[in-house]
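In the two assemblies presented below, chain A is common to both, partnered first by chain B and then by chain C.
Moving on, here comes the complex of A and B:
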């Protein structure tokens, strides 16, 4: 006979309270997403009822058809994808190189620390105070409303983040492994390519994911630097809010379409994300 | 063919701190030389400079008479085993072993052959497809050593490779390493803070303190004739007893240390005056010996080691000395009687400089 241990009542109450709390948090976090998805599938007539329709019985894909049949929307999604991918790759790679140098090469006059703070300073400004100078710069270079302008701006915004994240990683990386590579005869480049880079892949993916998510959803710079050709999906969504009309259905459908890639990305790289959150706290 | 190594007047400073102070060490081809000293004595810095991981502030490093001071590790042809083993975590054992050969662009079939040879030699053939994190400490260490010996090296450097192993394994690996390197006839420089490793493994040892060489010689030379008080107490376990003492020359020559009074041979050239007296524990025993001088003492503590015992004696004036009984003694705490000190084996050091007299 296996004896079952019964939980004391106090423990059961505590457990129930815990579940209730978790449920409350889940509702707060998930309800807007549910509402968005529901809206993208509701019939037009269900939008303005009172009380609102929380559980629609009849659903339609009309809004998606409407959104996707408009070539402009496809263009916006494509713009977002291209800009985000290119900016992420460049920022992650350049930021990693930058962090490696700052972590490994001791420059004179405490230049390392100064540079690190300087890199961080750009993150201390409210983004809006940077958007105007960026606008003026891009206008002078004739880059307004180009994807290149967005890539440049996003790389600039993401670099400090990647550099700092990768810096903590490189600082934790045992120096002896690189020294072993030196003794084994590696040049500095071989050392980076064969030893440091393979060991950094996970951390680079982590920083890349964060950058990707940040850039994908970015609105302010996209709004400032683009008009039509380079417009991204986040700008397109916001422009549904017009002065005299608001197309809830299409707006929700485009929103769902735009967060799908992020959702898929997040689910497929979950273990990296968890690692990224505990970055530096617990070493693997 | 083994190479000779010479560190010539090496000095290393970090800012205003001198870590290595004018050190010269000569290592003949094929010898196993150990740098030993307390932590912070600069032994690892010396090793790193030999490996080209650090540059000396002053002085030259010569391998086979060739000045290699400004050369990279690759040009020097050095192999090294690190304290933390420093295996490449993203590579399998096989790839770890192949790495130095791959860097040197050795042909693939040759690499495969050498990896198998090295793995056989260190008995890690069954681990070749594992990653370092799947290995135990002892296995990692074997991989690290294999990686160091897989290619012909002018000098092999070992940076405390045994310190991460448990005690039993350490003694075993110590013997294996000694055997391996004596068979390979590679010139080897070994760094440790453990004097017993230095004593058991080396052809020659270099005792360092505060960045200065205190003494160089074979383990027995250093043990028997320590150059100064530091070496005397650092080498040997249990430690040599060192006491303040006074030499008196009347009709006989006598050394006084508290209530301990020991007659010295008349041929002794020591002048009268204050000295530091050193007595190795094995020359203090409760068993009557013909050439010992009896002194009355009480046993305070006995540490049984099985094959021997460390005995703590307390003398009439409160002086305490440690003795070593080579056969585990039956006498126990509280015993009081004559303790014999071998006056032929006493060491004397200058009170001011600590140098042997």
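Moving on, here comes the complex of A and C:
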């Protein structure tokens, strides 16, 4: 790089323009979040004013208290947590097992290629084409409005993503160590448990976190398969639109509460996020 | 003893253990994809009313498909999804490229660039429902900050999602703001991975930053653009939750995109055979795109342990 020792005026103008652009990006991204948090802390009297209150001098936790004192909301949060955790653990383990075999063992009848294509096509499916049969089938089996129904649907939703991500991980993992273990007489199970698994923990956690985020945020299946007992936070937030359209404070407070865990998770793995994003993440 | 021997023989056979490993995944695929899809395919060729107890599937051939394909709402919804995707994608690509170049520019403080990059993850992590609700608040015609700020710079109040004429455009606007980050994230990864030598050579030869960007950087990023376009197109066509929360499909039917149409056909109008037929039309229409994506994205394993 050629070092410039002085800044000609043109260079200064260019720099100012670039910083203004960065600032604009930051404002556009951060203002909505600021607005949401502000709304969750505003007093009721500050909502319906013109001009709107941009900087409230007095803030309150009333909306959070209101949200959390309602046993239904606590149940929705708990449902979301249970369903998401269980589905994430199952999908991550099942997907990892599949991916390992697809990356390492040539199966008869060209099963590897067929399965891979099947799994990837599932990833491309519009979930709405599954939501309708899910609703009818769960109804037939008496599973509507149960957390089990949601777990089943979400494991299905997340499996292709986990398999795809873990497959590329295993394909990039050198086979030599496993070959050596084979020579030493290790069975496939032993190789997987003692050689491969310890090396895969990070990748599994990363794909697990992606699944967690996708499932936590999912709306369509939750909307279709639950009514009250198994309802999740997404559905609760979306129903503010119809029923309590004017309760902006509680709506914002519940939104912030549902976003918090995701934000913390995301920041903890932001190094790996790009990798997950380029696999399309788990999108409902 | 015999059982123990059989177990050892089983454990020694990689292919048999492999089948055991695949079993749970196969079960999930059959349970959550194969079976429901066959069910919906059968339903799409049947007459059935959920409101009549004891009603059975009566085969009716292509009747449901004929009904759906002559329904003007079906075509209107398909058209909205197409507009939504075709308008959003190019804007996101251009805007995303500019932001990615901006944040990796040597003239921008690298710490500020990195901070902005992490900040841009927020809209991606935000639950789509929250995103919809949030922008509803911001764009509220009477009390939202958007119209107030527009008023300050001399623009009249806009109706945003409260009028049928502007609702879809507003949804596209929010979609662009929220999901341009996908483009930025993937492209920054690509730009940082570019080999430095050609860039340096061009600089020494006196090429300006725009020429370097257009003639050296962008062509090398082609494969990244391919991934972005494929992911975005699939996700744009599938959009449901965010529009559901932002507009609920309204006002009127002005933002009923295709997936919302299928959902309403089923869950609101209880026309399950029609909804199944519509989703099969959608699936078949997406098929060429899906296969193309697969051929680009899938790298089958070349050598296996048991070869």
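Heads up, the rule we're going with is that the second predicted complex is superposed on the first by the 245 of 284 C-alpha atoms of A that agree within 3 Å, B and C clash if a C-alpha of one lies under 4 Å from a C-alpha of the other, contacts with A are read in each partner's own complex, and residues count from 1 in each chain.
Assume a contact is a pair of C-beta atoms (placed from the backbone, for glycine too) under 8 Å apart; a residue touches a chain by one contact, two chains touch by 3 or more.
What you are looking at is a predicted structure, and each value in this text was computed from that prediction instead of being measured.
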After the chain A overlay, clash or fit between chain B and chain C? fit
Which of the two partners, first being chain B and second being chain C, lies in contact with A:10: first, second, both, or neither? neither
Name the contact category of A:198: first (chain B only), second (chain C only), both, or neither. first
Could you say whether A:184 touches chain B, chain C, both of them, or neither, answering first, second, both or neither? first
Tell me which partner A:174 touches in the superposition: chain B (first), chain C (second), both or neither. first
With the two structures laid over each other on chain A, which partner does A:54 touch: chain B (first), chain C (second), both, or neither? second
May I ask you to decide whether A:105 touches chain B, chain C, both, or neither, giving the answer as first, second, both or neither? second
Which partner, chain B or chain C, touches more chain A residues: C
Once both complexes are placed on the shared chain, angle at chain A toward chain B and chain C, C-alpha, multiple of 10 degrees: 90
Let me test your reading of the model: by the given contact rule, A:271 touches which partner, first (chain B), second (chain C), both or neither? neither
Partner chain(s) touched by A:39 [first = chain B, second = chain C, both, neither]: second
Considering the aligned complexes, could you tell me the closest Cα pair distance between chain B and chain C in angstrom? 7
Chain A positions within both the chain B interface and the chain C interface are 179, 182
Chain A-facing residues of chain B, complex: 51-53, 72-74, 78-80, 82-84, 86-91, 99-100, 103-104, 147
Taking the touch rule as given, give the residues of chain C at its contact with chain A in the complex, in rising order. 11-12, 14-15, 17-19, 21-22, 24-26, 28-29, 31-33, 35-37, 39-40, 43, 50, 99, 102-103, 105-108, 112-113, 116, 118-130, 132-138, 142-145, 148, 177, 181-182, 185-186, 188-189, 200, 203, 227, 231, 234-235, 237-238, 240-241, 244-245, 248, 259, 262-263, 266-267, 272, 275-276, 279-280, 282-283, 286, 290, 293-294, 297-301, 303-307
So in the complex, which bits of chain A are touching chain C? 1-2, 14-15, 18-19, 21-22, 25-26, 28-30, 32-33, 35-36, 39, 47-52, 54, 93-95, 97-98, 100-108, 112-113, 115-122, 124-137, 152-153, 155-157, 159, 163, 168, 171, 175, 178-179, 182, 187-189, 192, 213, 216-220, 223-224, 234, 237-238, 240-242, 248, 251-252, 255, 258-259, 262-263, 266-267, 270, 273-274, 277-278, 280-281, 283-284
Going by the contact rule at the top, pick out the chain A residues touching chain B in the complex. 174, 176-177, 179-186, 190, 194-195, 198-199
